[in-house]
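Below are two complexes that have subunit A in common, paired first with subunit B and then with subunit C.
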Partner chain A sequence: MNRAATVHEMLTEIFREVFDDESITLEPNTTAEDIEGWDSQAMITLIVAVEARFGISFRTAEIEQLDSVGSFVDLIASKWKVEA
Partner chain B sequence: MPDVVAAVRMDMNDQEAFARLSGDRNPIHMDPMAARQTQAGGPVVHGMHLLLWALERLAERGVDLAPLRAGKAKFASFIPVGAAVTLSAAIDQSGRLRLDIASDSEVAVTGRLDFTAVPRRRAGRQYQPVIISDEAYDPQFDRLAGSSGRLKRSGHALAQAEAMFPELCGSLGAAAVCDMALMSTVVGMVAPGLNSILSEVAFSALEGVGSEPGLAFAVVHTDPRFRLVINELEGERFAGRATAFAGLAAPTPLSIRDALGMVSIGEFRDRRALVVGGSRGLGAATSVLLAAGGANVTLTYHRERDQAELVASNIRDTVGRNSCDVIRYDASGAAALQLSSVAPGVTHAYYFATPRIFAGPRQSYSRQRLDHFISVYVDGFIDLVTALLTAQSPRPLSVLYPSSVAVIERPRHMTEYAMAKAAGEIAAADLAKACSRLTIASPRLPRVATKQTATVPPVPAADPSTVMLQLLRQQAGQKARAEDPADLRPLAFGAVGPFRSCSEQRRAK
Partner chain C sequence: MERQLDWLSEHPNLSVAIRQARAEPDPVRQFAAARQLAGFRRDFVATERIDRLSVAAWEQLDGAQRAPCGLARKRLALLGSHSLSHLAPGIRVAGLTRGLTIGIHVGLYNSYRQELLAGDRALAEFEPDFCLLALDEMALGLSFPIDMAAAEIETEIDRSVADIRQLWRRMRERYSGQPIQQTLVAGATPPIFGNYDGLVPGTTVAAVDLLNARLRLAARNDKVLLVDLAWEAARRGFIPDLVNPKRWHQAKQLIDPTFAPVCGDLIARVVAAASGLSRKCLVLDLDNTLWGGVVGDDGVAGIRLGHGSAEGEAYAAFQRYAAQLAQRGVILAVCSKNDPEVAQHTFTSHPEMVLKRDDIAVFVANWDDKAGNLRKIARTLDVGLDSLVFVDDNPAEREIVRSELPEVAVPELPDDVAFYPRCLANAGYFETACFTADDVVRGRSYAARGRRLAEIENSTDLDGYLRGLQMEMKAEAVGPTNISRVTQLVNKTNQFNLTTRRFSEVQLEHFVATRGNLALAFRLRDRLDDAGLISVILASPSGADTMRIVSWLMSCRVLGRCVEAAALQALVRAASDMGASALIGDYVPTPRNGIVALHYQTLGFSLIPSRDGDADGMTSWWFDIGAPLPRHHVELDYCFVVPPRQAHIETLKETA
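The block that comes next holds the complex of A and B.
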């Protein structure tokens, strides 16, 4: 499995946990409009969970650029040092 | 979610009852005037009160909560005191009970109850007792990390729990109910305290019974980027984790001394200004800047007289006793009558009247909300300008109508606000077009830092005094002409509200 696919899978798990919904499936073009409850508070919960799970941290400017699952996966993959 | 299983409308007596149980007397829940100064715009129901209310209603309807082992509640938006609240419940595919607590047709709290989880082992760490006073702590954010303590429940808490939630106490025990109530108190009164917003609570049943009553807390995570604070909690029966945001303290109002350093001496001395809504936020900054520049200011308030008098006395103490007057003004009432005590000769008017903008859950569109905004941003504005033109005739009048970037940026949940501001811009433009001695500027202001716009998480906002000073100076360059009867043009929508064209006003005099 390539790096982006691994990140995508781990991110899906985090989304399911945060939104408490096992049926969530993510596509690169999934946005906040597609997932009920993906508001600014949920976004912070996601960021904190992602940072803890991947051992990375985001700058505020990077967070502001996140507008879809695809951009989320790309940003995580660019920072994640541990090979899957 | 299936049918609604219960409904309620919490009032201030219910707020007091929960405060007696929990000790959470955060002013956002308990003090209508102070709550109006927060982003909630008015007092809101405690999130944990809503959760306990929902559990009590379920227990009443025969749901056996005795085997409750864990749960989670997310608090997505405020529920104002007095709002109609509904509870819906359903079992999901994993056998967990899901709750939706809604107001205004929008879900504000979601909950999940788990009856199969294994009880958690007790950590049993010893913490220093923390006495809950009636005043919420207001700690600095960077000092929150690592803080801990044990909140003692009050002597009457168990009895209060039995009185408010008898079925739930029967199933879980009054001590467990107190544990949950105290989770509200940790966040609202201690960490992060005064300016806190509860976002999420997860709780789990503990093995055995704790030896000490009360709820231990430890701040285990803080994140200054979002002003996020996470508390680990351990009570007599339940442990938990509370996620909250430390709100920003209300922005410090511009002092007249600071304003004197920003303006040139006497740069506004030719203005007799009426600042509607001058007791707070942008209106207060405008009043202070104008007075610092030598203007004679009459500022108005709707509800907050003390706030208005504070701004005025700040001005009077420094630039002179006669520099500032205060009157009460309700933008939805008749303008002419309310302005009868204002000395004639107003040259400039500033319209900062605003209803509550940001609080509460909401549907995507509400005609009622639009009407509410229109009544202030359009009808009230037209009425004010008309009354001033009549009173000031034939002198010129310069008006500032603050519009908003929301008209083009369209933030979520602000549809009616943006619509009403756009309508206000059109009204302002057509008013000015119809009357040569009237000038109206309606700049689209950026989001500026005021108590009403303070958000969690923080959103960048401009400094109100800098924004306003620039506009006040621009206004100086826009000179309206004294009335020339030959210039009068008929107004296309003279029938709107109480509005009459300039010529009609003249006839009426």
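The block that comes next holds the complex of A and C.
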């Protein structure tokens, strides 16, 4: 499995836990409008969960750019040091 | 950095377990599952999921389904100068592990002053039992000109503290909430000199330190409770991750969400302590817990304890910690698979034993299963299983006790005994909302109770035995000298408690000051020990010449000694002096006070036929003053002075 696919899979698992919804599937263009409950509070939970699970840290400026699943995956993949 | 909830055990697959619990259709079982999952080590995402699950399930339960859970409902308002809503799930979930369902109201961001000073409808409608005030150095303006003189800084700090005390008063007066103050962590403001910051009064670091010291002092004087985040964070090495500048800039969260589980627990345990739900008894295993080795195999001389080895010193240090807990009123018990003679002999003959046989209230050494022995210990001490903490180095024993007796707290001990004291401290099982001289004698008193029970078992004549105890009871008015202990007893007594009504100290002061009310406190001593203040009766006028007993409670240490009959004698005399001709007593059943279901009947009260539909099972009882009083063997020292109520009215009549 390639790196982006692994990130996508782990990210899907995080989304399902954070929103307690097993039916969530993510597409690169999925945004807050597509997922019920994805508000600013949930966004922080997502960011913190992603940072903790992947062992990475987003820069403050980068956080402001996150608006879709695709931007999440790209940013995680650029920081995540574990080879998939 | 230590793991946050390090005293809780790890679940093999928490995420899957949460998913399974979500799929559970029956809300009763769903809530039970969520409550059980709350007791495992969990990160903030799992904590939020367990919270959603338990809150949703709880809301589906009706009163009859909620009651058997045995959870006390408390309402907590979170007020402060930074974002706090992300802490709520951690507080609620921790509450489930500490006997509480906590309802939470989060004030608007940085609006605590308006809410408290100008008044806030949402907060008033919420009717908080507790108000937590969480502040930070930015909101309090603790950035002074760097060359400002020390005296001026102190004046500024004192002004801040006076301000905060005013907020505490508002919490009490306007909202009847017990204030809880969180200390400040200066994590968001790094030092500007470094080591030298502490030597310059004008630095924020120094100012926060001074403010915290003054806040603690003010809280002590004002009977405000503390969530001492500053100490906890320093002690457990949470700074700097606790305060993450990214979260501050992003969401004005002072506390990083990853710390919500442990900070939530820190808050929940204070609420639990103030609600009388802290643990009371530490039950200790012996081999490889209090000393290294197996005394049955190695012999007293062969165990590793005390000077001579680092490991032996670590065991002695753990014993010292247990002894310190005992000195502040935690009851100690022993539960060990051992030959009883050998086990006891170790206590009396090993020169390096820090704990002495007399420190142990109940000593159980046999080959029976530990769950059964723990039940026996709880019974002997007359405390609930949910008052016990069981410490055992053996993971298998821990697991068995957890599954058989989920009410007992079983800390997941670290591999190394050197860390046992810290693990127990981190768990906060014995948190308190009050400390009085009575706590100091309690441990001794339970030990004496153990001896007394042994005497009862050997005595065929109970009456003769009780006479031989030479009990003396003093009945006194509730007032400034005893109100702290009375408040503590009122809020922590669960079993011998007829109505289980809780009062804060301020509410009690108000009760005592209200004309016509009667507030009695009782002290008991016998030839074996001084039990201290052990019982409280509160009553208010109900109709022209009847007193209704609002609260009647007694420490379980003195159960089975007919002490309540002596208390009734004092109550009758006080009520009669106040002009009453009858008493009414209510019994409000809870999952824990079944032992007093027949209390009033036993004392000679008669049941008042009730209107139909008392769903909570409350019964009311009548006693005519002048009717015969039950026998007892307590010498009563009556020191209660009646407030001049009747006399006052008669004087008015004469002048009219």
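Just so it is clear, the second predicted complex is superposed on the first by the 84 of 84 C-alpha atoms of A that agree within 3 Å, B and C clash if a C-alpha of one lies under 4 Å from a C-alpha of the other, contacts with A are read in each partner's own complex, and residues count from 1 in each chain.
Following the convention adopted for this analysis, a contact is a pair of C-beta atoms (placed from the backbone, for glycine too) under 8 Å apart; a residue touches a chain by one contact, two chains touch by 3 or more.
Keep in mind that this is a model prediction, so the values were computed, not measured.
Contacts of A:E17 after superposition on the shared chain: subunit C is touched, whereas subunit B is not. Shared-chain residue A:T60: touches subunit B and subunit C both.
By the touch criterion defined above, A:V48 reaches both subunit B and subunit C.
Touch criterion not met for A:A5: it reaches neither subunit B nor subunit C. Touch criterion met: A:S40 reaches subunit B and subunit C at once.
On subunit A, the patch touched by subunit B and the patch touched by subunit C overlap at residues 20, 22, 40-41, 44-45, 48, 60, 63.
Listing the residues of subunit B that touch subunit A in their complex gives 72, 74, 76, 93-94, 110, 112, 199-200, 221, 223, 225-226, 228, 243, 245, 457.
Contact residues of subunit A toward subunit C in the complex are 14, 17-18, 20, 22, 40-41, 44-45, 48-49, 52, 58, 60, 63.
On subunit A, the positions that touch subunit B within their shared complex are 20, 22, 37, 39-41, 44-45, 47-48, 60, 63.
Only residues 15, 19, 22, 43-46, 48-49, 52-53, 85-86, 246-247, 249-251, 253, 256-258 of subunit C touch subunit A when the two sit together in their complex.
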